[in-house]
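To start, the structure itself, in structure tokens.
Chain naming follows the written order as A, B, C, D, E and F, and within any one chain the residues start at number 1.
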Amino acid sequence: MSQIVTFGEVLMRLSPLGNKKFMQSNRLEFYFGGTEVNVAISIANFGGKVKHISCISDDFVGDTAISYLRKFGVKTASIVRSNRPLGVYFLEVGAVMRPSSISYNRSHSSFSEIKPSMVDWETSLKQCTWFHWTGITPALCEGGYHTLKEGLVLAQQKGLKVSVDPTYRSGLWKYGTHPKETLSDLINYSTIFIGGINEINELLDTNFSYSNEDFIEASKQLINKFPTIKKTFDKIRTPINASWHKIRSRMWNGKEFRETEDLDITHIVDRIGTGDAFAAGLIYGLQNFDDYKAMQFAAAASALKHTYEGDVNFSNVNEVMNILEGNTSGRFNR
Amino acid sequence: MSQIVTFGEVLMRLSPLGNKKFMQSNRLEFYFGGTEVNVAISIANFGGKVKHISCISDDFVGDTAISYLRKFGVKTASIVRSNRPLGVYFLEVGAVMRPSSISYNRSHSSFSEIKPSMVDWETSLKQCTWFHWTGITPALCEGGYHTLKEGLVLAQQKGLKVSVDPTYRSGLWKYGTHPKETLSDLINYSTIFIGGINEINELLDTNFSYSNEDFIEASKQLINKFPTIKKTFDKIRTPINASWHKIRSRMWNGKEFRETEDLDITHIVDRIGTGDAFAAGLIYGLQNFDDYKAMQFAAAASALKHTYEGDVNFSNVNEVMNILEGNTSGRFNR
Amino acid sequence: MSQIVTFGEVLMRLSPLGNKKFMQSNRLEFYFGGTEVNVAISIANFGGKVKHISCISDDFVGDTAISYLRKFGVKTASIVRSNRPLGVYFLEVGAVMRPSSISYNRSHSSFSEIKPSMVDWETSLKQCTWFHWTGITPALCEGGYHTLKEGLVLAQQKGLKVSVDPTYRSGLWKYGTHPKETLSDLINYSTIFIGGINEINELLDTNFSYSNEDFIEASKQLINKFPTIKKTFDKIRTPINASWHKIRSRMWNGKEFRETEDLDITHIVDRIGTGDAFAAGLIYGLQNFDDYKAMQFAAAASALKHTYEGDVNFSNVNEVMNILEGNTSGRFNR
Amino acid sequence: MSQIVTFGEVLMRLSPLGNKKFMQSNRLEFYFGGTEVNVAISIANFGGKVKHISCISDDFVGDTAISYLRKFGVKTASIVRSNRPLGVYFLEVGAVMRPSSISYNRSHSSFSEIKPSMVDWETSLKQCTWFHWTGITPALCEGGYHTLKEGLVLAQQKGLKVSVDPTYRSGLWKYGTHPKETLSDLINYSTIFIGGINEINELLDTNFSYSNEDFIEASKQLINKFPTIKKTFDKIRTPINASWHKIRSRMWNGKEFRETEDLDITHIVDRIGTGDAFAAGLIYGLQNFDDYKAMQFAAAASALKHTYEGDVNFSNVNEVMNILEGNTSGRFNR
Amino acid sequence: MSQIVTFGEVLMRLSPLGNKKFMQSNRLEFYFGGTEVNVAISIANFGGKVKHISCISDDFVGDTAISYLRKFGVKTASIVRSNRPLGVYFLEVGAVMRPSSISYNRSHSSFSEIKPSMVDWETSLKQCTWFHWTGITPALCEGGYHTLKEGLVLAQQKGLKVSVDPTYRSGLWKYGTHPKETLSDLINYSTIFIGGINEINELLDTNFSYSNEDFIEASKQLINKFPTIKKTFDKIRTPINASWHKIRSRMWNGKEFRETEDLDITHIVDRIGTGDAFAAGLIYGLQNFDDYKAMQFAAAASALKHTYEGDVNFSNVNEVMNILEGNTSGRFNR
Amino acid sequence: MSQIVTFGEVLMRLSPLGNKKFMQSNRLEFYFGGTEVNVAISIANFGGKVKHISCISDDFVGDTAISYLRKFGVKTASIVRSNRPLGVYFLEVGAVMRPSSISYNRSHSSFSEIKPSMVDWETSLKQCTWFHWTGITPALCEGGYHTLKEGLVLAQQKGLKVSVDPTYRSGLWKYGTHPKETLSDLINYSTIFIGGINEINELLDTNFSYSNEDFIEASKQLINKFPTIKKTFDKIRTPINASWHKIRSRMWNGKEFRETEDLDITHIVDRIGTGDAFAAGLIYGLQNFDDYKAMQFAAAASALKHTYEGDVNFSNVNEVMNILEGNTSGRFNR
């Protein structure tokens, strides 16, 4: 049976209950997340076989993180351990016009120690058919970049599909590499591009608008420059405020442009990980459906994620398919 | 002073906090509910005298269930005890397009032991003027059916008003009786029908649509077939998603058709028991107001129930009347 | 550096979690509040220097209240202590069409003992340039009235700006003074009027409507009668229900009428203290911006307060300015 | 069937979780208590019929208090309501050498309004055979004294047994009456004295030591002075620290002195209400056992109360009898 | 690598926080347990490979139970699913002389459906070297007995070590089989007996006392009657009260009698599963140490379990070895 | 008025509720601590004026830490801010023979950036008469060592008393300095030594035993080598297990040896910060009492700290004096 592999940092998320601020709290809820592991867990919840590779602290916090992945059935045998602490992020959840705030403690985390010598890619990619990575990993540290590249080179050799969510965040790139060049280097090993106008403009030094016409043209130019890329998928979020968003998606698969209807998320429960749910939905969908249905599945999965607390998309395939079939009125499941 | 009697299973409800799933929880909140006892408690909160009859486990869970009823002033003296466990239901509360999920553990509960010999109806109905039952009870077990029927026969003899909420759920009828025939048998002892097109179509083998014209015609045919029934009341829910509903109601009282305006429930707190709040509002209303105002009262009570956590409608008469008088802007009570 | 002084009762707020009623709870959350101290804390959160004057119980509850003010950097050196208990209010938070309910236990609280001899106004007003008071204080007790008046007389002599939020609540005035006369007496020492048509009609025995024309005329008549008043600011709330409000504001500064756009608060987290956030925003704004921007700042601050649990507006100046600049879509702060 | 009546203030108890102080908390647990109502609830838990008389606030806090009594089956029909707030006490739970701290807010509570005209003693004492009162009630307010006396006079006329727990706390007597005289006045209507050397010394102006010899002599002198008193019962607490106590009791019933063994309470859960559990155990015991076994039952009930959170003794008769039979090893009940 | 297999019901445990009773709670904590799965998880925490076989409900509660096992690394591939609900037990945690109380809801649980045809023992026992069973399984239902026997027969054929914890609870045996005969039948396939005088007396119809001499003689007679049994291990609990126990153990391994010192558990956190921790420690120990050290390890593991909330022994091998080495003073691990 | 200054890292502590492990939790409680700031807060709770100097993260977590100090009245004006995250430690609280476990995330915290140039010691020490430091600060980072030394040099010049708690933890010294030499360098600026045999042996390369004779001799040799030191104070902990300790202390003040009785802490609530409470008690005591009473006060303060959750000693002077006066039975404070 085929298996998907993800690679990236696992973070502990710490946030006060409800919409409280740290200054008015003495209790926090914790979850584990990180963009790639969120994708892994979501695919596991769809019934897929997934393996996550990371470097995790060798203490009771790290043990807890690993048991968290195991709980969802994500394979953890390739995870290495470090005596540095696990990365942490602190979250204050906003509402209405108040944005959520995040503060990171990750620059010297266990993952920041990752080095190519620590991952046995040959063993890790055995029986795998899909590799998913994001732009966060090469942004974090040089070891992340080189380790990832080694994995991608092997993945390409072995003919794995490789999806990339470039997620460009300029604040992260601090160790001396140029983001555009580094991302470009890695995208050359990838086949599915999960990103929008902003990421393409960043990579191509272009100035495309958000129009569908520009998205198509941008996608064509991207594929032209990175010929391993075959398809681009874009998730479009229309925020009314921090508590109410609309989500839709569009794609250019080299042949046709398609776009979904807006899904109206009137009462957001938790916005973290909704992009990762989209990526996971897409990875699952592209293995089971045609491109358009895969994108619909991804958009529905992303919308559903807004209804779960924490970073994880708990929805299974049936629950996502229900949304696709238009059952969005939330009637009881008995 | 007159008194209302209800008969049915009391269940323990167990649900994670907020919108959490069981898989991400280690704490649950518990409430007690069950469609008939929800009606009883709501009427007690309106200031009515109510007695609930049931069979409850003879352990500390059952003690807690009984003390829960007592807390609201519902009389519990006719409740019998069993050494089987109390029925339980597990609830995961959805949001937006995610439906809530329920899983039951009730098939061998204390109530499933109920038998006619266990209830002294003669004593139980003393000083009572109204009997309320639902289609859940005969669906659960044969003893439930026969015990209920014995009570209804006596209620008819004594001239009690009898309201029925048929609540047809096909998944429940497992002990060998035919739902339609069994319900029909019991409806013959009832005077007020609290149900809509679905229930009437089920009982009459008809195919009415949801239009007002069809509702009137359906009601007429129902009353024709079950001549003890004098009035039908229907609650119409328009779900935008699991977090946002609109509620209105309509009636045919043998003479006229009336319908209320939609009440807009933009931020649902808890959807469980909102139908029971409607029934309770109606039972209270029909004893205190004309039919139309009773229905308005019932719809407002049902709308208010969506704002309380748990199965219980906590609103008192003043609070419901405020909604009737158009005070729906939620200004402070000081 | 200049300093603002506020004077009034500090209350402990006790409310069940979420939308629960007391009858279904065994846990409460507590906060400290009170209209004037809410203003003080909000100004401290804007970076202002503030001193609060009050009379607080001499027990561990009072110690906790004082440490709560200190936490925000509000100066507490002028607070006096009493062996009476701290005032308390109990709150049940409503939702949708269910109003929130408040019950007070304050009539014999520590603050009710306040007397002019207990406050050394000369020392307290040193280095202060602004005095804020509300109509709650003279309503509570005669000592409150006389103590406040003594402070206001001195404030006027020293040339402080004096803002008043008259907040007329007829239920409070129980100790024998006539509200209108007492408030009028005190308004004669004030320069900024933070109130609307209701308060002006009360003070002038007029019958103005809510129209902008009437607001201008009412403001003119108010300034005519109380010539120390230079400007009036009005906050207009349009409630859809208890969970969804719109907020805007308008002003007459003696020269021009201005009005802001509605801010749409689609998912209210906590409505308490939103008027106090407006007053605090205005006091801060009038010291840093022109009148119109000050009012915009106040309205944005008030809107933001609806997103924080408890009585306190936690927003800092940047967060409020973001709303003014139209950033109301709630994007993440990383 | 015979019934017991208790009369006294119902208080809301508010305490942080575990051993936290208010200064480090934002959540409180609440219970309802008060020495007389604690006795009432404990007797109800023993299966006795009990009625509690009090004056309770006419708000949602008072509604919750009444529903709390109802939950245990205590009859609440004779309770009157007031628009003053319910009395409150704040508790910080100590441990080891740290004492628990209590702060009261009761001086102007709903109960402080009680007046003889508010209680219909004739109706209230119907079918009652036992009246229990404590020294807290006459200490609180003059109306408490006079209302209680009216009840006691009638109780004596009707031949009820009357137990008194004098609980002398000098800090409470503030309204101008002399404690000793007032208590003496009321003890003249009582038949069972539940108190120790301190209380007797206070009443007789004597100086007895804690020795058994002195206890016997003190009891004799007490009975001599108050000839309605037939028996004295004393509970002796030997505290090792706030977390570890030993409890035993002794009695003089006019004929013989008896004393129980120490019960070793090595891990106190909650110390509040343990004296009330003793009184309740005694009242139940004296109606069902001989004097010595009644005292043993009372001591065991009091010991058990230390294992329940809150003010209430939840133990039933079987659970107390188990202790009497020496089953103190805490083996599972399955 | 060798693997251990366990077989038995998985139960959901529901208990109020701390020492609360259900009647004073609205929140419960939940855990999953069951004597055999407790053993499995404890062995997994020692680093052993373990597989648990059971029948679990096919709903979100069952999903949660399975993810709970997976979290600890227990293999769940052989678990079958049923549409009956998962078994539940309710627990009120006692203290001092108050015993804990348990109420079960398991008689018609998913496990009660287990049948030999549902378990593929051939596949399940592959690569396994040890089988652990308890007397609970054959007590629950006939299918449990027959399924277990089929597994034991195969285990014996394959030469697995088989440990049995007979745990005789007479209240469970309700389906018509004779406990003694059924247990005897199954013990014939077992090699390690984890039980004491009570269980031996039950099986042999003898009347041995708790003395060491009797334990040796009883063990000899047991081994005589059940010659597959090679060693007996007994855990002796000396309860001071529900909060304070002492634990020691003794053994007869066919050649020598040994006994450990008492471990003093002065502040019990949770007593559930402490016998299972003993069994798990023994199974781990007998594979890694000599008999005496294995027994010491088991006793220390059992003592440590008393310090963890829930049913699970979280201790790893180092933590248990620390106790063996006399480090019982609880110094910090940094 | 004189003022005490402390200098050191502020850490966020994160621990599951009760005795839970991270692996069984999803909620944590957080506190702020750190050995020097614990001393500062405890002195503030004794009514002393204290200023804490540190380097704290410039995010909402750091804001919360500062507000936490302000809450207790500790002056925070000299605290500098950094864009590195606040140090964190994770704690699992043990019980009985299970030790508590701590895992740190502090090596690249905001405090690790501290440099002499960041602290204006001249301003910071104005009006100060006492400087307290510990061996943790020079162990953490070179900047900590140099910044501290700069402060100590100035403190000596200005004639401040300087207390040192050397707290030698070998695991911390990682940046290349030799612990013994570095500590010796700094002790040359100190006057009060708060440490025991272990620390003295470490500093003098001696091998003293724990006997009182050896303590006296060790103290003499220490004072000989570091002639600025005038007095040594030693706290002796006798752990029965993680839940039960005894505490006493002894001293050599250059003239006489004294020793206190053991205080028996039978039910530890929280053991963190108990050494800091001793140091704080000593600093307060030496300014208000003679040496022996100061030491008694310190030991009592330390014992009391074991009864508070979190790192902070909440006890005030009266509460400590009560223990000194032998009131250790934990009677109520009303």
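Note that in this section a contact is a pair of C-beta atoms (placed from the backbone, for glycine too) under 8 Å apart; a residue touches a chain by one contact, two chains touch by 3 or more.
Keep in mind that this is a model prediction, so the values were computed, not measured.
Asks: Comparing centres built from CA atoms, which chain ends up most distant from chain B?
Replies: F
Asks: What is the distance, in whole Å, between the centres of chain B and chain F, each centre taken as the mean of its C-alpha atoms?
Replies: Chain centroid spacing, chain B to chain F, equals 62 Å.
Asks: Find the geometric centre of each of chain E and chain F from their Cα atoms only, then give the gap between the two centres in Å, rounded to an integer.
Replies: Whole-Å distance between the two chain centres: 45.
Asks: Provide the list of chain C residues touching at least two other chains, using ranges where the numbers run on.
Replies: Correct list: 21, 23-26, 31, 67, 71, 101, 104, 267.
Asks: With chains as vertices joined when they touch, what's the shape: line, ring, star, complete or other?
Replies: Its topology is that of a complete graph.
Asks: Using the touch definition from the top, list the residues of chain B that touch chain E in their complex.
Replies: Against chain E, the touching part of chain B is residues 14, 21-23, 25-31, 57, 59-61, 63-64, 67, 84-86, 88, 90, 92, 101, 103-105, 107-108.
Asks: Which residues, counting only chain D, touch chain E once they are in their complex?
Replies: 31, 71, 263-269, 303-304, 306-310, 312, 314-315, 319, 322-323, 327-334
Asks: Help me check something: in the complex, which residues belonging to chain C touch chain E?
Replies: It is residues 24-26 of chain C that touch chain E.
Asks: Could you please specify the touching residues of chain D with respect to chain F in the complex?
Replies: Going by the criterion above, the answer is residues 18-21, 23-24, 94-102, 104, 169, 171, 239-244, 267.
Asks: Can you list the chain A residues touching chain E in their complex?
Replies: 67-68, 70-73
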